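Chain IDs A, B, C, D, E and F follow the sequence of writing; residue 1 opens each chain.
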Amino acid sequence: MELVLALGIGILTSSGVWLILRPRTFQVILGLSLLSYAVNLFIYAIGRLKVDAPPIVGAVAGAASQYDDPLPQALVLTAIVISFAMTALLLVVLLASRGITGTDHVDGDDGE
Amino acid sequence: MIRLIPHPFLGLALLALWLLLTQSVSPGQILLGAAASLIGMQAYAALDAGPSGRLRVRLIFKLAGLVAADIARSNLAVAAVILFRQPDRVAGFIRVPIALKNRQALAMLALIVTATPGTLWVDFDRRNGTLLLHVLDLVDEEVWVRLIKDRYEALLMEIFEA
Amino acid sequence: MLALALAITGAQVMLGLAMMCAAYRMTAGPRAQDRVLGLDTFFTNSMLLLITFGIQTGRTLYFESALTIALLGFVGTVALSKFLMRGEVIE
Amino acid sequence: MLPLMGSLAVALLSTGARNAAGLIAGATALAGTVLIGCLYPVLAGGRVLESRIAWLPSLGVDLVLRLDGLSWLFASLVLAIGFLVVIYARYYMSSQDPVPRFFSFLLAFMGAMLGLVLSGNLVQLAFFWELTSLTSFLLIGYWHQNESARTSARMALIVTAAGGLCLLLGVVLIGKIVGSYDLKDVLASGDAIRQHPLYMPALILVLIGAFSKSAQFPFHFWLPHAMAAPTPVSAYLHSATMVKAGIFVMIRLWPVLAGTDAWYYIVTSTGVATLVVGAWAAIFQQDLKGLLAYSTISHLGIITLLLGISSPLAAVAAIFHTLNHAFFKASLFMAAGIIDHEAGTRDLRRLSGLYRFMPITGTLAMVAAAAMAGVPLLNGFLSKEMLLAEALEDYNDTWLDQALPYLVSLALVFSVLYSVRFIHQTFFGPRPELGHTPHEAPHWMRVPIEVLVLACLLIGIFPAITIGPILGLAAHAVLGDSTPAYSLAIWHGFSQPLFLSVVALVLGAVGYVLFAGRLNAISAPPLVGLLKGRRMFDAALYFLVAGARWLETRTGTNRLQPQLRVLVMVALLAGVLPFLHYGYSLGSRHGTVLDPGFGILWVIGGVLAIAGAWQAKYQRLAAVVLVSGVGMVSCITFVWLSAPDLALTQLLVETVTTVLLLLGLRWLPKRLPDVWPERHTPASVRVRRARDLLIAILAGGGMALVSFAVMTRPLPDTISRFFIEHSYADAGGRNVVNVILVDFRAFDTLGEITVLAIVAITVFSLLRRFRPAGESVRGPLQQRRQDAFDEAGEDREPGDTLSDYLLAPRVIIEWLFPVIIVFALYLLIRGHDLPGGGFAAGVTMSIALVLQYIAAGTRSAESRLRVRPMNWMAGGLLAAAGTGTAAMLFGYPFLTSWFRYLDLPIIGKVPIATALLFDLGVFLLVVGATAVILIAIAHQSIRTPLRQKVAPVEPAPEQI
Amino acid sequence: MIQAPDLPLWWSLIVGLLVLAGAGMTLVGSVGLLRLHTFFDRVHAPTLGSSLGAVLIVLASIVCFSVLRTRLSIHEVLIVLLITCTTPVAFMLLARSALYRARAERSAKTSETTDAEPSDLPPGSGDSDLAR
Amino acid sequence: MSGDWARHLIIVPVLLPLVAGAAILLLKERHALAKRVAALGTATVLLGVSILLLVQVASAGFAGHRATTAYLVGDWPAPFGIVLVLDWLSALMLALTSTLGLTSLIYATARWDRAGPRFHSLFLFQLMGLNGAFLTGDLFNLFVFFEVLLAASFGLLLHGSGKARIKAALHYVAINVATSLLFLIGAALVYGVTGTLNMADLTDRIPAAGADDLAILQSGMAVLGIAFLVKAGMYPLGFWLSRTYSAAAPPVAALFAILSKVGVYALLRVYLLLFGGDDGGAANFGEEWLLFGGMATIVYGMIGVLAVRTLKRMAGYSLIISAGTLLAAVGAGQGDVLAGALFYLVSSTLGVSAFYLLIELIERREYDPLIAGEPVFDDEYAGAPDELETEVGVVIPATLAIIGGGFAFCALLIAGLPPLSGFISKFAMIDGLLNLGQTVPPTSWLLIALIIGSGLAILVATSRAGIDLIWGPSDMPTPALRVSEAVPVGLLLAVCLGLMVFAGPVMRYMERTGQSLADRKGYVEAVLRVSRTQARADRP
């Protein structure tokens, strides 16, 4: 499981990095989306993997080892929200830039 | 009262939804659910989607049963189409004249048609009341037209416009 | 017990394969509508996978995720379809 | 410090108040002079006055005003000559000039200079040193409408300020060697300094500072250009005071720095070079002030040379000459100013015969020039004698020592030559061909010159009475007990120096007679003229700037791609280096058993991600589809790995993001033309792609390795244990994740929703000014075509296609509206105990709204749903913050939560928690913010038709 | 992780079968995506998963949880209800868009498409620059 | 109860702008005056509060008590809940922020706040983000406040719109979003090894980290460091800085002057706290990188300052220089240097801030900042540009003189020449660098040379530009100067003047700050031992 997830994170990162290095704004935005998926998974994975141990406690909390580490989850939630906000912002800036420079190249000029 | 509960059926449905969601019928949840469904109703009323009219509940169940059976049957049929290639299978568009005018009824029909594997609601020309359907296994156009008109449209007409 | 466990795992594998098919459509196209169709199928299959997961663990916690896909999964498809048809999502 | 206050007072005067300004300036300088005069007896009694104000005690820097003989001498020089210059300037400056500014600068300079000479702390000295540079910059640039004034001022500033920084560093080093910046301590530890390994750097740095200020070769070039300043400034700064600052520092530090070979070679050779070069160049000047400027340089060289010799006697001579030079050079500059004023030119070739018009000025100038040339009975003679004596003295057997007499004599010849030339060409000869008749300057303008010349005479004739005690005092301050016996007599008998003096006088006069005519024809001094300091300076600056530009384009970039590439690479490097150092190892934790489903899932995830990356350029829609597929995969992963909250949120955000991206896609060009034709991609591009691919793979590999390494290690005892244990007991929630979000770490959440709010505002603000690209203004092709079809159809009306299209979906979506809202409320309420929460609920709610927009269109949706998202947002923020603040009212810290179970009849136990209120705030805000973002983008579409009215007429449908 | 909740044997067999059947149905539907040749054929296939497949799996879930918690657990019905409402919406919209696009493309190429279409639908012309 | 309120003072710098910003959102655009008054009032109160806090810290600290105080947000005990920590450094940064905030805001009210909607809210949120980042004692909370301040900075950067801003913003946003991801990765790795996010707790736990985990820990910290360095603008990560800041509206740029310092602050805080000690294998890790990176940054800044033609970009590069100087000074790793560096931080930030404000006054003659826009929502933004002229600016006769004087002032301040505080701080740094007795490492020499050289470069550049602009012949009309524009510049410069005059006490403060940063135990104790509110026990 760990290995698969690690590979998955790696692939997402690679794809994301490849995209943010591309010259089109839309590629960059998608790249950042992919990267943020990767990072979210990564943060999550840092809390170690546990199957079937959601951190929902009963009236009496069991030992901590019975639950998946809740803190990374909370962090990921925050990160998801923030990366959503940033994606929205980047998108709008992208549109504005596109409107004003007439191209969707990240540097405002064409050519690859 | 009407302003408070503009759509009683909807309200009940929402309450049921709430109780299903919470998986509980405790008094507290009923109260909360009622509150939630009030909000939901107000929201729906704000959409100004038109009066929901009187629905015939019994017929609805009948329709549901009918549709469920049809869906199950078509499922198998479509699975067969997929699994066993039938070289003589013809797929295509058919046109069905529809007399229904009520939006909600039309929407219901659309749901039924599309939810059933093998048939697909593609377009409906409101001005001349023609429905364009796509059928996966178009053996006989007339059979399909009859199916739609007799089985569903009539029933819907009764439910919504009677 | 084991039978059920195997059955569930088997079902998950089948659903996984179903998702693969959907993913194939998403990747290969050939047209945009095929991809969107693939996506919708992908979502539906995912939802089913989540339900089997709920059965597997005996927890109802995962139900909401499945329900959310059932309720809101179509929004993406709707938006994509409308984009294809009209060139914009909200007009 | 008096002058600084005076400067401020003058600065406040309006431009018209010239008399007042002059008066204040004069009074200030006079008061200073009197004050310092009064202090003389105290000093003569052998005391050193010190006053100390704590400033930076921890760094050993206090403001220390230290008045000893040397500083008294310089201070009185500064004040007295300052006073005279103020009087002179009052009449010199034309009535159009904004005089208050001038006087204000002048006084500021005076203050800085005083601070410099009075400072008893090395750092303070450097501090005021820079101040003099700055004020002199302002004074040189006073006539800033004149281009040369501007550039000269800047040059002077840069050279002297740079020198000042070197000086600073030098004195800091000295301070470090001594362990104190206090002058007293420094002066007491000369040996320690000279033996310290840091002596050399300190010496060189201090000397660079001093040389640059005192216009020593090769830093001399700024001085002649500084003559662009008004003449009073030249008289004051560039003869009497500022240039002497360098000399002052050398004298001040003479006891601790001098006496080594390094000092001797550097200082003496510089002095000689300056002396010779200055004198040589002075001969060839055609500009009156230029001549004086070069002569100043050469005289400064003399003083430097004397200091370099390192004998106590030479030091005395240096001090003496400093004083003398101040007197005669200031008067000469003033005289030159009068000449310029009256004759309207300073060109020696055009001047002549002025004596008949201005005999008094002429006489004064002659006396002063004679003093400069070293004619006996004048002060210049005395110090020159001392110089020659020292030059002849045999100190060490080096070539420099041997050559010194010859070089000095040569320079003296030159100096006689240019002095004679100055006088003769200006005052004698035929009537000048000037447009008007020059006459004598106003009396008060001459008074300063008269005073100064008188001083020259007095010193020259009665040296022992007039200057003797003062000089003695100053010399004692420098040399202490080793002050040599010296005599200030006019007549020392026939000695070698006298002989040389006479020879120089004669040779100089003869030289003038021989070469006078030829000199006028030469526009630049030979030999030295080649060393065009200014041009070199300009060229250096130019190359500096050009080089910087070149480097900036090479070392920096304005493009995004390289920046991101560097960022990724640096981060990668930073992440990998520790592993290279410590090695990469896996931990001992047993992994979880792989589920086949999970494996398949990630096969799909990987394929989708790669495909998405591949497609993103040309097939944007496909990429959006694929990326949302990846999102779904990660959502399922979260479910699988016990994070239902994450899954829920991820899913919802995923949906909104897709809609968002599609909204954005509408404004992007449909499809890009291939920049490079198939298979004709240039090699450079291919290399770049390969490189990026490599980086991407490395980055991905790094992430995979690191995460795997972490995941295989056992989890340390995390703070989460506390959360799990206290979640239900102390915070009343079963869903630990949600409790963390709304209670344990609610502060994070507060920040997070603020981010969302900010972004929403930003998006909204930005889109107010949104201008879509040309081709997307007209609306999508599909719409135009479908509208055209509707127009063409007989039984159709425009918009029919759309309404038919949406007929059934719209109704169903309307049905779903209340369902989704109830679902959202459900998520909100249950969040504390089960997956859900304010954020998920808020996004769900906003999806409900957006669905209505999609189905009904903006206008129609808004005619029915009046959303005021800004108010939602504000309300949400206030609710969340208010909940937290409420805790403070009860004396708890911000955001302290509170909950109770209420026992109600029938209903039973009901939990009441402030956390729910907080979550409600989150909910409201998220609804508002998401709605603002999506709706603001959606609104762009209905804004475009407004533009179409003005835009070129749409092509008719048939043409499409 | 191969595990399952603790159910009585018979119930577990029922649940297992239901799950397998549902998953199988869904798989068949998705395989249809691969096997069918035209878009309009393919669009029917996933309906299998969203109708019968979903029903079967949800049924399995209902059975499972009802037995586990020894009371009727029917909230999963919601999933079926909602999915029946939502997927058709998506498919309807998608089908219509596809039809428009097919038309547009055909009239651009003036070549045959596989779908027989009525002629009174919006015409299209050379918009090959549509986002694919 | 009233004595209790002093305890809550620490939350005010975060809470107040948030509440005020949100409340202002409720006001429609046409209530411009009310918004202004509210925003200005908030900024003033903030300044007051931050000064109070500063005094609180200083008086406690100088009296020999513990200066560091912690505040448990949510009343959860220290390593678990989020802690706000007020200590020498954070109090200093708060005061700096609120000073810049108030002055920039006053300046903005002259005209800039009407160049786009919702300016005041964004501005206040920006202050909130900055204050939060300076106060928090939690690594992830730091991330959140970084995002708050970044998001607000995006908004403010785009304020006024226009091509240059949008282009700059695109880069700025993209880079910062990527950087935020790095921050997350770094923070996650640190958590993965230590299991905590509280900085004090981290300090406690890091020495205990097994040798096996050290690589991961350092890797995480390094990635985290890169994230900070991007914000700080270190070469080669800071190419965006100059262009971005120069594109921003002047009051915004003036506030941004502190933005790059946030990165430096975070670095100081996190690194000195976590790796400052001598214990454990992770001690003093990364210092050389900082030192060399800082020096490279100075060089790049010098090159840039000399190369660029516009004053705004020059100001941006001088920010890079100052960031480089600070980084190198931190990397040099000595307490004495640190004190000087902190002084330098304050003085250069104030200087550059004033510089940005002045530049606009100088260059104002050339452009009109306001682009007309159309409303999206009907109630928004009732025709602001027309109203601008109705507000009469007081034209001071000697406008140009004041501007010129201010310019010279700023240039000196930034270049670090006497008589201003820039000089003192540079001197203090040099003094500190040489404080090693006999052996001064060559890197220190190099750094000293760079510190001095960079000052010179700034002098060369600003004197060129300044002379051309202020002294150069110009037939353009003398710009009208509003009081509300002159006052903030004057205020900033007055503060610098104050720093110079009271250099002694200020320096003492800085030294204590430097010492407190080295005193990790004191910090840890102050944070981890802080007690919860007593009445807590009655909670169920």
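Note that in this section a residue touches a chain if its C-beta (ideal position, glycine included) is under 8 Å from a C-beta of that chain, and two chains touch if they have at least 3 such contacts.
The shown structure was predicted, so the numbers you read here are calculated from the model rather than taken from an experiment.
Visitor: Mind listing the chains that sit against chain B and also against chain F?
Guide: Chains touching both chain B and chain F: D.
Visitor: Can you give the shortest number of steps from chain D to chain E, where adjacent chains in the path must touch?
Guide: 1
Visitor: When contacts are scored as defined above, which chain pair ends up with more C-beta pairs, B-E or A-D?
Guide: A-D
Visitor: Measuring between Cα centroids, which chain is at the maximum distance from chain B?
Guide: Here the answer is chain D, farthest from chain B.
Visitor: Report the most central chain, judged by the distance from each chain's C-alpha mean to the global C-alpha mean.
Guide: The chain sitting closest to the overall C-alpha centre is F.
Visitor: Between chain C and chain D, tell me the centre distance in angstrom, where each centre is the average of that chain's C-alpha atoms.
Guide: Spacing between the chain centres: roughly 58 Å.
Visitor: CA centre of chain A versus CA centre of chain C: separation in Å?
Guide: 20
Visitor: Using Cα averages as centroids, what's the distance between chain A and chain F in whole Å?
Guide: 28
Visitor: With chain centres taken as the means of their Cα atoms, state the distance from chain B to chain D in Å.
Guide: 72
Visitor: Among the residues of chain D, which are close enough to touch at least two other chains?
Guide: Within chain D, residues 558, 560, 564, 568, 592-593, 595, 620-622, 624, 640, 644, 665, 703, 710, 715, 718-720, 723, 729, 745, 748, 752, 755, 758-759, 762, 766-767, 769, 781-782, 786, 805, 808-809, 812-813, 815-816, 819, 823, 834-835, 936 contact more than one other chain.
Visitor: Among the residues of chain C, which ones contact at least 2 other chains?
Guide: 9, 12, 15, 17, 19-20, 29, 32, 36, 38, 57, 60-61, 67, 71-73, 78, 80, 82-85
Visitor: Which residue numbers or ranges of chain E touch two or more of the other chains?
Guide: Only 1-3, 29, 31, 43, 45, 50, 73, 75, 78, 82, 85-89, 91-93, 96, 100, 131-132 qualify.
Visitor: Which part of chain D faces chain C closely enough to touch in the complex?
Guide: Per the stated touch rule, the residues are 595-597, 600-601, 603-604, 607-608, 611, 621-622, 624-626, 628-629, 632, 635-636, 639-640, 644, 647-648, 651-652, 654-655, 658-659, 662-663, 665-666, 779-783, 786, 802, 805, 809, 813, 816, 819-820, 823, 827, 834-836, 844, 847, 850-851, 853-854, 857-858, 934, 938, 941-942.
Visitor: In the complex of these two chains, what residues of chain E are touching chain D?
Guide: 1-2, 82, 85-86, 88-89, 92-93, 96, 100, 104, 120, 122-125, 127, 129-132
Visitor: Any idea which chain F residues touch chain A in the complex?
Guide: Those residues of chain F that touch chain A are 140, 144, 147, 151, 154, 158, 161, 163, 166-167, 169-171, 173-174, 177-178, 180-181, 184-185, 187-189, 191-192, 197.
Visitor: Touching chain E in the complex: which residues of chain C?
Guide: Listed in rising order, the residues are 1-12, 14-15, 17-22, 24-25, 29, 31-34, 36-38, 40-41, 44-45, 47-48, 51-52, 54-58, 60, 63, 66-67, 70-74, 77-78, 80-85.
Visitor: Per the contact definition, I'd like the list of chain A residues that touch chain D in the complex.
Guide: Per the stated touch rule, the residues are 1-24, 26-31, 33-34, 37-38, 40-42, 44-61, 64, 67-71, 73-74, 76-78, 80-82, 84-89, 91-96, 98-100, 102, 104, 106-107, 110-112.
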